[in-house]
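Both of the next two complexes hold subunit A, though its partner changes from subunit B to subunit C.
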Partner chain A sequence: MLLELDQVSRTVGGESHLRDVSLRLEKGTLNVLLGATLSGKTSLLRVMAGLDRPSTGRLLVNGADVTGAPVHRRSVAMVYQQFINYPNLSVYKNIASPLRLAGLLRPEIEHRVRGAADLLRLTPLLDRLPGELSGGQQQRTAIARALVKGADLVLLDEPLANLDYKLREELREELPKIFAGTGAVLVYATTEPTEALLLGGHTATLHEGRVTAFGPTIEVFRRPNTLTTAQVFSDPPLNTIAADKRDGGFYFGSIAVPAAGALAGLPDGGYTIGFRPEHLYPDRPAHTAVEIAARVVITEITGSESFVHVAFAGRRWIALAHGVHDLAIDQTVSLFLDPARFLVFDRGGALAAAAA
Partner chain B sequence: MEKRENQKAWLMILPVVVVVAFSAIIPLMTVVNYSVQDIFGPNDRVFVGADWFLAVLNDRRLHEALLRQFLFSALVLVIEVPLGVLIALAMPRKGIAVSFSLVLLALPLLIPWNVIGTIWIIFTRPDIGLLGHTINSLGISFDHTASPFDAWITLMLMEVWHWTPLVVLLAYAGLKAIPDAYYQAARIDGASAWDVFRYIQLPKMRGVLTIAILLRFMDSFLIYAEPFVLTGGGPGNSTTFLSIYLVKLAVGQFDLGHAAAFSIIYFLIVLLFSWIFYQALNTIGTGDRR
Partner chain C sequence: MKFHAGRTALICYFVLLLLPIYWMLNMSLRTNSDILSHFALIPTSLTLENYAKIFTDPSWYSGYINSIIYVSLNTAISLLAALPAAYAFSRYRFLGDKHLFFWLLTNRMAPPAVFLLPFFQLYSTVGLIDTHIAVALAHCLFNVPLAVWILEGFMSGVPREIDETAYLDGYRFPRFFLTVFLPLIRTGVGVTAFFCFMFSWVELLFARTLTTTEAKPIAAVMTRTVSATGLDWGLLAAAGVLTIVPGALVIWFVRNYMAKGFALGRV
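Now for the complex of A and B:
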């Protein structure tokens, strides 16, 4: 199926949850909704499911307007952050529940439940109650319920957020494969940029109820169309600074960075420069890189990486460095900026040029 | 590290030992003492073995009181639990109406128990009571001091009015704890309101309803103050429940041996039934696996 949202807005009690959202989700695609908490991901999923009615705008399925159609007449399945299963029904009955409500015959139900249980490795657990399962198994049951329904639209609302790291990686890898054969439109909401990149597919970035960008995930990440998109799609946060372009260079603080390559053609004026933490280097990455002196605020060490928070020209930046960098607080460090990694936004926040 | 005995640890648990001893063990042992001896004075006592127990177990009036007590508790559970759940389901979920309903519901729970009895005496009096007078004016003879049936009706009304709010509050708390996603999931599945109740709300309320049922069983089985004030156990013996009969034995007739044996049997019955309820409520509805 083809799901289209046409200028969908939703306002609840004077509060705007969604503003002018237009999306076109194709059959068999994986679409990530990326945004911080309260950015409107869940509101958007609810509207897509038909649980909520948009205040204005239309929802089209295969070109037909379904805006007012009640949820049970749509072909939708949903998986939530909490593990939602019927608490006093066995795993088998839980998976079978949507099929029973749809009035399917027993052998058909049995066949489909077995198939889904096999795929999600739940076969040995079919007689258990949800309360007797681990979190990962409970979520697998919920996913099996969504899968068995054979819905055209499958909505996943931060389905892995409550799982531990290892299970999350495992299921994240399996999820797209599980639904790949069904031809369903898959919509996956997450707060984590990394998760969007790992999933691939298409990504829509959400900010304050608006879709700021929608396109192939890598494209959106590499060339964010606005400063907001870049900030939504960056973890740790994007480093930014206001800069003036004149005489063939960018000036900020006491630093001048030569404007080379794609940046050279920009007209003189005020810009915001953004660059990702992995592009604030402890060692000179290229001969064009510019050295700055920054004060260490704190260092978070994960083992393979160090997140060095620094203060520079009144801004807080984060440098992501490989290995352990045990730096003292308030120590001054030399860091390097590579203009080849700059994202340059105009004063309105639109991408003016991306160096890389 | 080497393991060492540390006798000072005993000192640490001493406060708990003292509190438990004075609050539970010593009173209980006193009762046990009285139940197996005939005590005339501090140095004048006779061991009577199981005599008191046998006498109590063969007491016809106690059998009647016990039956009445079971009937009363059964009615309480059958009426208050479903009614409480229904009211909880109908309660508002947000806004100022929530606080308003909760305060209104909690009011009967804040009134001292003997005052509750007094309120209902006045409320149901045929001559000046609003309810009693109204019913009699409609041509229906109603007087809880004269008719055992009317006494029971009044008692049940009072009990339901007094304690259903507790069930409502517990059930409401249980309902509020169900994440909204469950209801969404049910809607997406196309489940009916009954399905939602049967497969989501009821199982999710299992914990709080277990507590509600246990509390209501124990409290109603031990009920004393309200019927004592309202009917004094009458008319005749028609509302003489176990506690009222026990007090009659102990205080009215000063039959301490009988009363002590009775107390222990009473305690064991409450314990036994509470355990049965607890076991049953923990397993009900989970055996249905396929």
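Now for the complex of A and C:
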């Protein structure tokens, strides 16, 4: 199926939850909705499911308008962040629920439930109640129910957010595979840019109810169309600074960076330069790199990486460096900027040039 | 043996609590002349004569039947009216919902006697006086708001996402409500039924005023034991004992959930 959203907006009590969202989701694709909390991911999923009606705009399935169609007539399955199952029904009955309602015969139901339970490793737990399962198993049950239904549209609302780290990695890897064969449009909402990149597929970045970009995940990551998109799709946050371009270089603070390559052709004027934390280097990465002196604010060390928060020209930047960099607070350190990694945005926030 | 102050106090309290009930049971098993002639902590000449009279005399046992009929009617009506109302309050936001929810309790803000005159006048006009449904409806005045409050508390304890999951699975509302939602709040329904039963069972003023002969409740029948020959102590006590039985039975079934009911389902 082909799901199209045509200028969908939703306003609740004067508060705008979605603004002019237009998307085209193709059959058998994995689509990630990426955005911070309250950016409108859940609102968008609920509109797609038909649980909420858009205030304006249309929803088209295979070209047919389904905007007002009731939920039970749509081919939709949804998995929530909070493991939602029927608490009074066994795992088997939970998974079988959509099939029984579809009026399938008992042997067919049995066959499909067993198949899904097998795939999600729930077979030994079929007789238990959801309350007797671990969080991961409860979420697997919810996923199995979404799977057996064979819905054309499968909506996953931060399905792994409430799971512990290890289970999350495991399920994240399995999820796209589980649904890959079904030909369903898969929509996966997440707050984590890393998760979007690991899942691949297409990504729509959401900010304050608007879709700021939609395209293949790697493309959106590499060439974010606006500053907002780049900020949404960056964790830790994108480092930014306002700069002036003149005489073939960018000037900010007391620093001048030569504008080379793709940046050279930009007209003179004011720009915002953005670069990712992994591109603020503790060691000179290339001979074109520019050295700056910044003051250390705090250092977070995870073991394999260090997040060095620094202050430079009134901005807070983060440098993501490999290994342990145990730096004293208020110490001045030398860091390196590589113009070949710059994302340059014009004053309106649109991408003017991406060096890499 | 060691002296336990706490246990002694408990025993004293328990004795005080049970004394009136014991005394009623005691009297119900004795004849009038026996009761009036001497004081006996333990009755000597036991008789079931009083109970026999209640179970054989229609003017007595019909009192129980009448009470049970209007109490059951009231419980059923209260639940049927309160379930959809409570669902709406717990699941939807609409204009003035919070105010409406609060003002539901208006009828509990005044003594029932206040509403007696309007009820009597109204029921006389439409010819409802001395029917079971009259008393059942009158008791709804108190029980429906209470039932809505209790059920709303229990319903709000069920995540809204369960409703949505059911719709996505393909449920239509009626089937969802009956086969998915009701089983999830069955404790709440039980507790609500108990509260409706209890209020209706012990209420005397409305039940007596709105009935004359055909639907007279047991408590009203009991007030008629005073006759020219004096008070029939034994019979009155036997009727009292039998009145406790249904209440005790119902309480026994919901004993584990009563606290939650008193907290209107919000624990």
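Basically, the second predicted complex is superposed on the first by the 356 of 356 C-alpha atoms of A that agree within 3 Å, B and C clash if a C-alpha of one lies under 4 Å from a C-alpha of the other, contacts with A are read in each partner's own complex, and residues count from 1 in each chain.
Everything below uses one rule, namely that a contact is a pair of C-beta atoms (placed from the backbone, for glycine too) under 8 Å apart; a residue touches a chain by one contact, two chains touch by 3 or more.
Here the structure is a predicted model, which is why all the values come from computation and not from measurement.
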Subunit A as common anchor, with subunit B and subunit C clashing or fitting: clash
First, second, both or neither for A:D127, with subunit B first and subunit C second: first
First, second, both or neither for A:V290, with subunit B first and subunit C second: neither
Partner chain in contact with A:H72 - subunit B first, subunit C second, else both or neither: both
Which superposed partner A:S90 touches (first subunit B, second subunit C, both, neither): first
Touching partner for A:A102 - first (subunit B), second (subunit C), both, neither: both
Single subunit B stretch clashing with subunit C - from 27-35, 45-53, 225-233 or 279-287: 27-35
Intersection of the subunit A residues that touch subunit B with those that touch subunit C: 49, 51, 71-72, 76-78, 80, 82, 84, 86-88, 97-98, 101-102
List of subunit A residues in touch with subunit C within their complex: 49, 51, 70-72, 76-78, 80, 82, 84-88, 97-98, 101-102, 142, 145, 149
Subunit A contact footprint on subunit B (complex, rising order): 179, 181-182, 184-185, 187-191, 195, 199-200, 203-204, 206, 285-286, 288-290
Residues of subunit C defined as touching subunit A within the complex: 159, 161-162, 164-172, 180, 183-184
Interfacial residue positions of subunit A with respect to subunit B in the complex: 46, 49, 51, 71-72, 76-78, 80-82, 84, 86-90, 92-93, 97-98, 101-102, 127, 129, 157
